[in-house]
């Protein structure tokens, strides 16, 4: 198992390199001329040229890219054109805010959705199932930034219960976390329900009943652990949803996380900030995906065996 | 107390689907004497598995529904039992061996745990003790004890079926329901598993309902044979009666479709047509449309089981004519 | 019968189908029409498409859709303006009707392009395996590691904000998920015996893929497409909301929401109605997708 994890970590390197190449290339096409952004408007052509030379912008593309990769390894991803602050440190400074938002949303949605999914599956075709499924269907069909705005309208502007934006204290976290969490809960509820329904039909459930196990025991001891496999995958796959959702929620609520950082950097054409943030997000996603796979192996002995065999 | 471990009377089971009502079992009567084995023979779709699940009151509901009838297990009606009575009965008094060993085992539990679960549930002993017992059971079905820590995916098909048998036998049930226990296995493994089952049943004085479509298996293992068609019994009797004095045209058809190793040149005579749609059964005898002896009368009324002497019963209206005789018997 | 056959043998759909003598397509359509949700979804989508086409003739683009109407600034919903008016005095209902075309075209268009790419790459990867499979799937892994919205951000910042670049950036994610699904389906079908028998009849490979493999993979692909259209409509409006989607003053729903955000205190209807429009459209697509999935996969039925 440990060898498997190490192997995966090694395999991550080319993926990250390629991803960063792609993004670096794409952003170098779009970035415009940073010199114009940095220098005051009345700068002379000589001053511009000197700055270009100093920043290495006249070097061939691959030279620039390798310099950049070398930087990544050392935790140095350049400076923001706008604030002149270190990209890596700015990103890391904002990361806890996004993790707090995404984490709260994820925990909140898992707590709601897994019991709800199981409950609807067990009551299939009853009004309880229908009610749960309608909730989930609305949840997945709603753009979550709109949900955020509606929550602001209701809780902040109409009822005056919660702040409509900014950060500081748990009160500020409630609405953004709800915004991300409700859509996520709806998604996971749907997966949990269909995975549970699938498991309920399996032959080994009949075997367990035929042994004389009670309904409760059959569902929780035999059903749930099997159903957890696709649920864990689904939750794992939703991390990119969590990030996207958080980015939008951050914009709606001015929550100073990575999403807002990227959105602001795009408007300000702050290329190193955008490039660095996207690459760091990808590394983050790769690590999260690996963690999901490890949990996955814990749930399913077949996969665990596969991992160990492959080494 | 009755001499029969199991008596099924007038059982009717329907599956109510969106597309219509599937008439799976339409008035079934069978009984199994103590320490005897009854073979239940029939094509896929005849309602054999549903019969076995009914005995455990485990017909999937919805869509399945036991409409009427009674299933007396040791004189007590399974269909009237409370949930806790059912749980106490399942696995303890009656156990079932499932058709497909590849899907019948829980993929995320070790084999040992799955066998031990049954013991733990019914004998109220500690998890550790039951696991030790599970190991013994594994040894009994011919699997090394240390494999108890393995998961089903590490077992071959034959080994899995042995494990399924070990689960079924864990609490020494009085009645074993074996649903095509060998169909999913290789021929060589089939013989091993059958011998093993027969041996264990004899030693423990158990009764068995053996469901199969393989007449060879029936001849090998069963005391009595019941032939099932479209949810009804068409012929029932001792193995000797049914094999050597076949009465029902359908049973005759089954025998004629069987290749004969001794007379290799002999032509196979298949039964023409397909099983009728269980949503739309024909009036009268369900077999009539495929029967070469069928007359006008056959399409009018469902034939009742009638005795042909002793324990041999057949449901065929052709015997209204006292001189009627199947070709098979006429030639022989 | 197959290994997956259920315990209740009298209940096997395969057998029932033989008796009924209906083709799979007919059977699917029949089941789809029995699903109330799917019907509601379909009717709504048809109405929406009709509205999107007719609005071309009903409204005058320059005055009603992007023009300014100083008399009706921030007008609250009334009989004359059922959804109210925005900061430029434009009728929100008219803008939503007109804007339906962007959401529909981008949603459907991006998935259609993604589908072509996904089917080709997915069936090549699934069918041939080996190097091609590795190449396609590693490339896919990279796309998979980047949240869709980030890909879109990158693409839009190269190509600039326009409906076309939005379409292109969204088709990448659709192509990625459809490649995955096609590959998985093809790999599953490829191993089955009827494919070998098609070869045994002497069909060339491309015909085997086209005639035997792809038709058998269609159900998961169709379902995924329906759901992907809904997803992409949401993504498109999210991008507009972030300011990297469709440029103002085009009445795209996400862009309208983004405009309305600043006036949420004074004119909340500027936020409420475009969002409702997105939600109901995506809801209709999801209802249809769920209906299709249930209709195509009889195993899932009660």
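Going by the order they are written in, the chains are A, B and C; count residues from 1 in each one.
Here, contacts are C-beta pairs under 8 Å (C-beta built on N, C-alpha and C of every residue); 3 or more make two chains touch, one makes a residue touch a chain.
Predicted, not measured: the structure shown is a model, and the values here were computed from it.
*Asks:* Work out per-chain C-alpha centres and flag the one nearest the whole-protein C-alpha centre.
*Replies:* Given all protein C-alpha atoms shown, the central chain works out to be C.
*Asks:* Most contacts: which chain pair?
*Replies:* A-C
*Asks:* Quick one: subunit B and subunit C, Cα centre-to-centre, how many Å?
*Replies:* Centre separation, subunit B to subunit C: 49 Å.
*Asks:* Taking each chain's centre as the mean position of its Cα atoms, how many Å separate subunit A from subunit B?
*Replies:* Computed value for the inter-centroid distance: 53 Å.
*Asks:* Whole-Å distance, subunit A centre to subunit C centre, using C-alpha means?
*Replies:* Using C-alpha averages as centres, the distance is 22 Å.
*Asks:* Among the residues of subunit B, which are close enough to touch at least two other chains?
*Replies:* 53, 62, 98, 100, 103
*Asks:* Where does subunit C touch two or more other chains at once, residue-wise?
*Replies:* Where subunit C meets two or more other chains at a single residue, that happens at 7, 302.
*Asks:* Please output the residue numbers of subunit A that touch at least 2 other chains, ranges allowed.
*Replies:* 125, 203, 206
*Asks:* Would you mind writing out the residues of subunit A in touch with subunit C in their complex?
*Replies:* Within the complex, subunit A touches subunit C at residues 15, 18-19, 22-23, 26-27, 29-30, 124-125, 137-138, 140-143, 145-146, 149-150, 152-153, 157, 194, 197, 201, 203, 206, 240, 243-244, 247-248, 251-252, 262-263, 266-267, 274, 278, 281-282, 285-286, 289.
*Asks:* Where on subunit B is subunit A touching in the complex?
*Replies:* Touch list, subunit B to subunit A: 53, 56, 58, 62, 83, 87-92, 95-96, 98, 100, 103-109, 114, 117-118, 121-122, 151, 153-154, 164, 167.
*Asks:* Quick one: in the complex, what on subunit C touches subunit A?
*Replies:* Subunit C residues touching subunit A: 6-7, 138, 141-142, 145-150, 153-155, 157-158, 230, 234, 237-238, 241-244, 254, 257, 260-261, 264-265, 268, 271-272, 274-275, 278-280, 282-283, 285-287, 290, 299-300, 302.
*Asks:* So in the complex, which bits of subunit A are touching subunit B?
*Replies:* Per the stated touch rule, the residues are 125, 202-204, 206-215, 222, 225-226, 229, 299-302, 305.
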